[in-house]
Each structure stands twice: as structure tokens, then as C-alpha cells.
Amino acid sequence: MTVSIYIPGVSAEVNNGPGRQQGAYPLNQWYVAAHSKELTDTPVGRTLLNEAIVLFRKGNGQVAAVEDRCCHRHLPLSAGTVEENGIRCGYHGMLYDDSGRCIDIPGQDKIPRRAKIHAYHIREQNKLVWIWFGQQQDSEPTCEPPAYPIHDDPRYVSDGDVYHYNAPYQLIHDNLLDLSHLGYVHLRTIGGNAKLHMNARMDVESEGTSVRVVRHMPASEPPPTYTAAYPFKGLIDRWQEIVFHPSHLEIWTGAVDQNSEDVNNPERGGFHMRGFHGITPETSTSCHYFWSMATNPSQNIEATKAKVIEQTALTFDEDKVVIEAQYENMKRFVGEAMIDIHVDVGPNRARRIIEQLKTEASAG
Amino acid sequence: MTVSIYIPGVSAEVNNGPGRQQGAYPLNQWYVAAHSKELTDTPVGRTLLNEAIVLFRKGNGQVAAVEDRCCHRHLPLSAGTVEENGIRCGYHGMLYDDSGRCIDIPGQDKIPRRAKIHAYHIREQNKLVWIWFGQQQDSEPTCEPPAYPIHDDPRYVSDGDVYHYNAPYQLIHDNLLDLSHLGYVHLRTIGGNAKLHMNARMDVESEGTSVRVVRHMPASEPPPTYTAAYPFKGLIDRWQEIVFHPSHLEIWTGAVDQNSEDVNNPERGGFHMRGFHGITPETSTSCHYFWSMATNPSQNIEATKAKVIEQTALTFDEDKVVIEAQYENMKRFVGEAMIDIHVDVGPNRARRIIEQLKTEASAG
Amino acid sequence: MTVSIYIPGVSAEVNNGPGRQQGAYPLNQWYVAAHSKELTDTPVGRTLLNEAIVLFRKGNGQVAAVEDRCCHRHLPLSAGTVEENGIRCGYHGMLYDDSGRCIDIPGQDKIPRRAKIHAYHIREQNKLVWIWFGQQQDSEPTCEPPAYPIHDDPRYVSDGDVYHYNAPYQLIHDNLLDLSHLGYVHLRTIGGNAKLHMNARMDVESEGTSVRVVRHMPASEPPPTYTAAYPFKGLIDRWQEIVFHPSHLEIWTGAVDQNSEDVNNPERGGFHMRGFHGITPETSTSCHYFWSMATNPSQNIEATKAKVIEQTALTFDEDKVVIEAQYENMKRFVGEAMIDIHVDVGPNRARRIIEQLKTEASAG
């Protein structure tokens, strides 16, 4: 039996129909749902692509994701407790397994057939937890989640965090694909000389749904984060390689002593900062930003790693302030044109890819 | 003369027409407006059933309730001061008596006939202040407010408080009519063994607009609040009697030593907790929760009372967290069915009574 | 080239078309944009008449005002930095001069013709910064900004501040044109005897778009602020002269020892408080309140000035609480008539002037 419970004055805030919210995001994608380290013995409630989801780790160590809602009276399951075989609601104790099926109703023998919530395809790989958003809520994954072996590579030490942005996900894409802003936004950390950044030669190439941007800044002053981590002798040849994918970006940067070796060689030495940036929409106007930074400090490994992570966090704090201010102002000035400049080649290619994928998602 | 003052960008938030807001609440009811102890020498502004009201106590000790609005420039009268014969506005000093009539305009001899605001029928009884909401704003009460002699019974010590919930009033009805949640929500206070709660036999009967739920939990472990208040010898026979009325619930619970006497006998001894729960809608999506708890501690009366009240407050804090989280999630999942389980018999009867009363209120 | 950037879920919050927002404010007016002392070496972002504006002071000391938006990706320019010749965006370093023209794009030789934002007519005079809002965004000023020589008069010491009100600007007009509220709202500061305030004779005259209200309170007790600043011997003859203009009010008040001289004589001695009150709408439901207070303390000049400013700030704090509470309640009681009393003559004249000017602004 179903009770019709009158809920005054509301309209649905999350998408909970059989299909996906159409047109706002690329679908048929794996998105980052969490860092592995976030899923311990308590559930994590998180809205992803406008769907309220609870993530948890079962007794056998496997990760799981189901709708964040008990089918009885709609308490979020994320307010409940994780058990060996599932997640138990904190109101009347109903237990759900990782397929979303209710498997225990305390005090009641028969479990109604309809006592079931939606479950998600979820995979853990390289210290990241990925979740599948297909065209329909029950669509099977058509590929494997992206690999990111750097997280398991013994040559690097890494750590990361998750940030919440009150801004649409594409503004973060723009920001990351155009590192020329370093000279203005990140003067105190990874910035360096503004003119050098703005004048750096930039190569942009696309392939499928990826965009690759490469910039070189030869003979430049090392910024504070670099000198703290690596014994550069003086000026450096600096390189930045950005690869955009619809669900995440890899931003691998680094430097060698000036004229010491070819910065185009993937086997180059020197100091490396390999950043992972998983951008997962929360709603159409907010997003989660899962980042990690892997480096190869030359000495005092743990202390330097801590320092680099701290500096990276400060850098992203600076970006967050700018991007959220930008979005607030965009809302105030809706309708005003935006004028492109030379740095926008990479971001604009990514925008075209996202538009294409959103169109496909709507048509599918 | 009346000035038309342009108020930009707003629509009426409270109901201030001659009739009542229809269809959202049972009408022709007394609702709790305040605990007696709340009305001292300062006015209390409170929105009840979507009407902004100021409550105050006159010089002769009588309680009064009028619209929370000076008819001059609409400052809330609750920002003013209470005088011997009424309430005075804090802006230009206009004085209103308990019938809502303006009886003084400083600096002006003639008081306009239209200088009048709406007054409410209000009664104080058993340390509670009740307010009448009839079909129309000027409807006379058709009955007396509910008696609650426990508040004046010398066998009990009692105290209480008022909580504000960002949730519709019916979710509190649900919660109070189904005490099976004690085992999951209130483990640290009045909870006890979860399975025992969920498996307890429950008798539900209705009469008119009341629902009565009785549950017995023989041979159970006494929960922390009980052992702190009463010298139980070991296991206890526990009883819970819940009576629902549209404006309030009585939840009388208690326990005797196992097998020591018949828990169905209203004259049974042991430890008693007699809870009063006045649920008054603030708006259709929020409410005031006026509660009191009366007990009969066996010794250290005042200290034990303080302890019981503290524990009760903690218990209701736990409920508030759950109910507000539930409501937020209900808004996110509007449209999803709710699946009933065995504990819902009492709550569902109360929902049918409220639906019937709301229909009558709309038709009236 | 212009990118179309999808902005989810928003509608324009500020007016940024070629014309002005019509009907909400008088146009063809100078409004106060800032105190001179606010514009130092950092930009000030401020919404005025629903337009997001950045104010700054150039290297040559001149003030400037342009749209608070970089034309590239819409970061607020107020998040940028002030330079000798303009203001530079904090994202990619685009520099704008005080005409709104972009004059530098780091890393790019050619500046697109369309890289331009709107600039405002702005004037600094008597320690106030005035901004012109014409019928259209590009309308030229048709008059000079109001003079306020008191700020530069050596007989007075003065200081001031800017307050933000969550209330429409006309509620502040009402408040300032009717000082009878002093006896109820400002008892602790400049208030004094309530009956005396309410019974004081009031003369109201209008001329063009101005209203002048004069009130005398002979033989009254000096209020706390007065006795702290001036060695009155006993009772005082108190005078209040209020002049309303659509963009600001002058409230000049003071007192002489009882019967010592004619309070109608503009050259009267005694203690003077000359208040300037610039009321500039932020939006149709909020405003900026730029105030200053000039006095002529008899001794301990700086200490007394500090005391008077502190007292004045306290007084305006009291007003802010009342006016914001009034506005919140007006929204709750939309549709209820407001009943006029004797004190409303001045405020109502000002309302008629504003209505007339708003009608002209809409028709223009």
C-alpha cells in the first residue's frame, strides 16, 4: 500500500524519474563520485548530476551507491549507518543492499516487492571512485572508467581533496584550460611573471572528445611553489600540458633547469606536478571538484609533499574565489556578450565538445 | 485618509484577508499559542497558521492576541512595549487594547475609526495559552479549549519548551504516533532495544477525531532516562499510550518492575512520563512544537526533574534533526511513492482525520 | 568573435540594457555614489539603481565609475586592481580606462573594437562623490550635482559612514521627514520626551521637488547627545529643520538655552547638528544610506566629535532595526491599508514628489 503524503509548497529538486535530466550534462560518461579515502565506515551523501545519492563501502571493502532515500518515509539514507551487507535507515531501521533492494524491515516478516530504490554502477580504480551516468537510469556502462595510474605510481607522492563550487562546471573547465590566468590570480603561489604567461606560445590540438593544450615558458623565474620543492639553479624552462576530457582534466606541469634538456621529451627530468581534476556537476549551477596533486620532490619527501598540497589547495582557493565571483556577475549581466581574447582557444574547443555531447544526450 | 504606499517586489506572505487560509490546516480548532510562562512583560511575536500575531499579557494578568501590525506604517507591534491596558507601537507610539482598537495616538486628539487591527480569541488554562482559529477570522469559538490537568496535578513535576521545526506539522504527528523509531533515533536517551520496539504489539483505535495507540514492551531493559529517575530492580514492563488530537498529542509512557502489576490499569504505579505535545502550524511548511514533560520521580525530585527535562529536550533535538532532514529529502524526491510498513497504522489514521478536517475547512 | 556561454538557471539581476530600469526611481538625478574618503587605492564595487558599478580613483586623483564587469569573461572589475590610468581585471589582466575602453590585453596586440564597457558621469564635490542617472544610459547631465559646503566649512567638524538597508529607499525618506519618532525609537540617544516630540508644532512647505519641515520644541530637556557636546544651563529651545530632495535630505537641528535667542534666526548660536543623508537606491527593495554629521562642539573638539559621531551611528542603528522590521512586516501584510496620522504631512508630500518623478522617468 502507498500513502499519498501531502507535501506543501514544493516542486521536485532532484531528478528521480526513470530517465536522466536531459540537456544539462554529457551523459554516457563515468564521473568521479569520490576519492577512495572518503569512503570509510560512514555513508557519504552527495548530489551528482542533480541526483541525490548515498555512497558507502560494504564490509567486504567494495564501494556502493544507491538513491539517498529510504522508500518508507524518505529519510536520507546518508543519515543512517553502514552495515556488513548494506546501509540501514536511521528512522525505522530498514536495511538496503547495494542493488537498492530492501532486505530487512525490523518487526515485519514480509518485505514488499516495491521496497526498492535505484542503484548506480560504481567502480573504484586508482584511488578514485567513478559512477556511471547513462542515457537512462538503468543503462549499462558502455566502457571502462578512465585509468589514472599516477595515483599508484611509486615515483610520485600525492594527495588531494574535494572542493564545492557554487558555479557551473564549465567555468572550471575554462579556468583549467587557460593557465594564462596564473600571472594574475596565482601570484602568491604558482604564478610568476604575468607578461611571460600571457605571451607564452600555446599549441592546441583536439582528438575525439579530448583537447590538448601545451605551453612552454623558457627561461622564466621559478615561482614560489617550485623553489620550495626542487633545487633549481636559476632560471627554468617551464612546461604545461593540459589534457581535457569531459569528466576530468589532467594538468601536468613542470620545469627543468634552463637549457638542461628538451622539455618536449616525456622522459624529461626536473620537477613535476601532475594534477588530476575531476569536475562532476552537482546541479546545473554547482559542482564538485575532486583534485589531486602528485609530485616528485628531490628531498624531504613527506614535508615537501605536504607543502605542495598546501600550496595547491591555496591556489585552488584563489580560483574558487574568482570563479564564484565570475558566476555571480554573469548572472547579474545575463545577456551581455563576452569578448574572446587569444587565451580562449582551448576553452572554446572544450565548450564545443560539451555542447555536442549535451546534444547527443538530449537526442539519445 | 489612506496613503497608497508602493511596496516593490513582494506578494503577501501572511494571510490577512477576512477569511482564513483555506485547505492547509484543520479550522474551528483551538491551537496552542504559547506556554503560560512565555508571556511576561514583553510581547511575543509569532506566526500561527500563516497569520502574524503578537501575544502579550496585560496589567491585570490576562493574555491577549492581536495582529502583529501597527495600522499606521505596519511596524510589528511585537517590536513595541506592553502597557497596563494594551500594547504600544515602537515607532510613533500608537496604543492598542486587546480588542485591536487603537486607543491613543500621541499628539493627535481624534482617533480614526479605521485605526483598528484584528484581535484573536485567546484562553489561558493549565499553564497553556490557546488561540481559536475559526472558519472565518471573526468566527466565535464553538467549544472550550482542551483541558490538560496534568500541568496542575500535585503528583507530578513538569516543565517544557517550544521548538521550531522547518517541516510541515504532519511529519511531527507521524513521528509521535509511531514510537517504534525510538530504537533507531533515540538510542542514547529513551531508546532501548530496537528489535523490541519494532516487534512490540500495537493496538490502534480511533474515536471521532482522536486516535489512540497502545504498545507494551514487557520484560525490557530500562533505557538511560528511566534508570536515572526511578529505582527499577531489573527488567521492566514498559507501556506507551499515545492519544492524537488534531491540535496536540498526549504521550503517556512509563514502566513498572517486571510482573509487579498490570500495566493496563490506569492506576498503575512505577515511573511515569506524561508528555504533552502541542503542534501548531506556523506556515504550511513549518511549525511550532510546544512540549512539556511531567514525571513522578521517586526521590531528589527537582534534580531528577531537571535531568528528565534535559533528556527529553535531547530526545526532541534528535527528532528535529531527523524530521527536518526527512522534509528536505521529501522535497528533493517529490513524486516518489512512499511504501508503508507495519508501524504506519496510527500515523495513517491521523492523516485521514486531518485530511477530512481540511476538506471541511475548505468547504465551510 | 563572441562566444555564447550557456548560463544555467538565471535571469538578469541587474539592468544592463541601453536604457534605464524604468519606473522604480526618479531619473535625471545626481545620486551619492560614495563618500570621498571611501575611494583610496582599492576599487569599490557597488550596485546603484540596480546597476553593478565599480568606483575607483585614478593616479591623478580623479574619481571614475564604470560597469563592474570585464567584457571578456565577466569577472567583476571590483575584484581587480587600480592602476595609474585605469582598472585592471584580476583574471587575465585586461585594463580599462575611465571611459570604459579596454586599453591593454596582455599577450595580444590588437584590442577588439567591442572591448568596451559602460562608463558613468561622476563628480566629486564637498567630500561627496555623485553619479548621474539620466533617462538613458548615455544621457548627459543636465545640471550640476548638489553642493554641500558644510563639509568644507571650518566652523564645523564632521564625519560619516555608509549604511546598507534591506528596505526600499522611500521608507528612509518617511523616517527622516518625521522626527516625531525620536521619542519612541531614540530614547537612549537624541530622543527626549516623547509627548513633547509628538505635540511639537510642525510647519511643512514645498517648493519644486523639495519639502521643508520645521519643528520647534521650546523649553525641553536636553537629550543625552546634546548635554555631552554643549554646556547648556538647563532647559533648551530646540529646533529641527528638515529639507527633503529626491536624492538626499539635510536635517539640521540644534538648540539654544531657553529664551536666550530666536531659534528662527539662521545665525542663531548654541549647539548645531547638521546631518547630511544621501539615500541612493541599490535595488527597488534595498538602499545605501550615506550620512554625515557636522557639529560645533564648544570644547574638547575632537573627543566631542567622536562622541557625536558614535551617538549618531547608534541612532541610525536604531532606525535601521525599525525600518527593516517595518519592511519585512509590510511584505507580510501586503494589501492592508495604512492609516495616516498627523506626523505624515511631510513624508506624504515627499512621496507625491517621488511618484511624479518616477512617472516622468517612465514617460521619458
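Lettered A, B and C in written order, each chain numbered from 1.
One rule holds for everything that comes next: contacts are C-beta pairs under 8 Å (C-beta built on N, C-alpha and C of every residue); 3 or more make two chains touch, one makes a residue touch a chain.
None of the values given here were measured: they were computed from a predicted structure.
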Numbering shared by both copies at the subunit C-subunit A contact, with half separating same from different: different
For subunit A placed onto subunit B, the superposition rotation in degrees, Cα atoms, nearest 5: 120
Centre-of-Cα separation between subunit C and subunit A, whole angstrom: 46
Subunit A: positions in contact with at least two other chains: none
Interfacial residue positions of subunit B with respect to subunit C in the complex: 1-3, 5-14, 16-17, 52, 68-69, 71-76, 79, 89-94, 105-108, 112, 114-115
In the complex, subunit B residues that touch subunit A: 24, 168, 170, 174, 178, 180-181, 183-185, 194-195, 197-200, 284-285, 321-322, 325-326, 328-344, 348, 351, 355
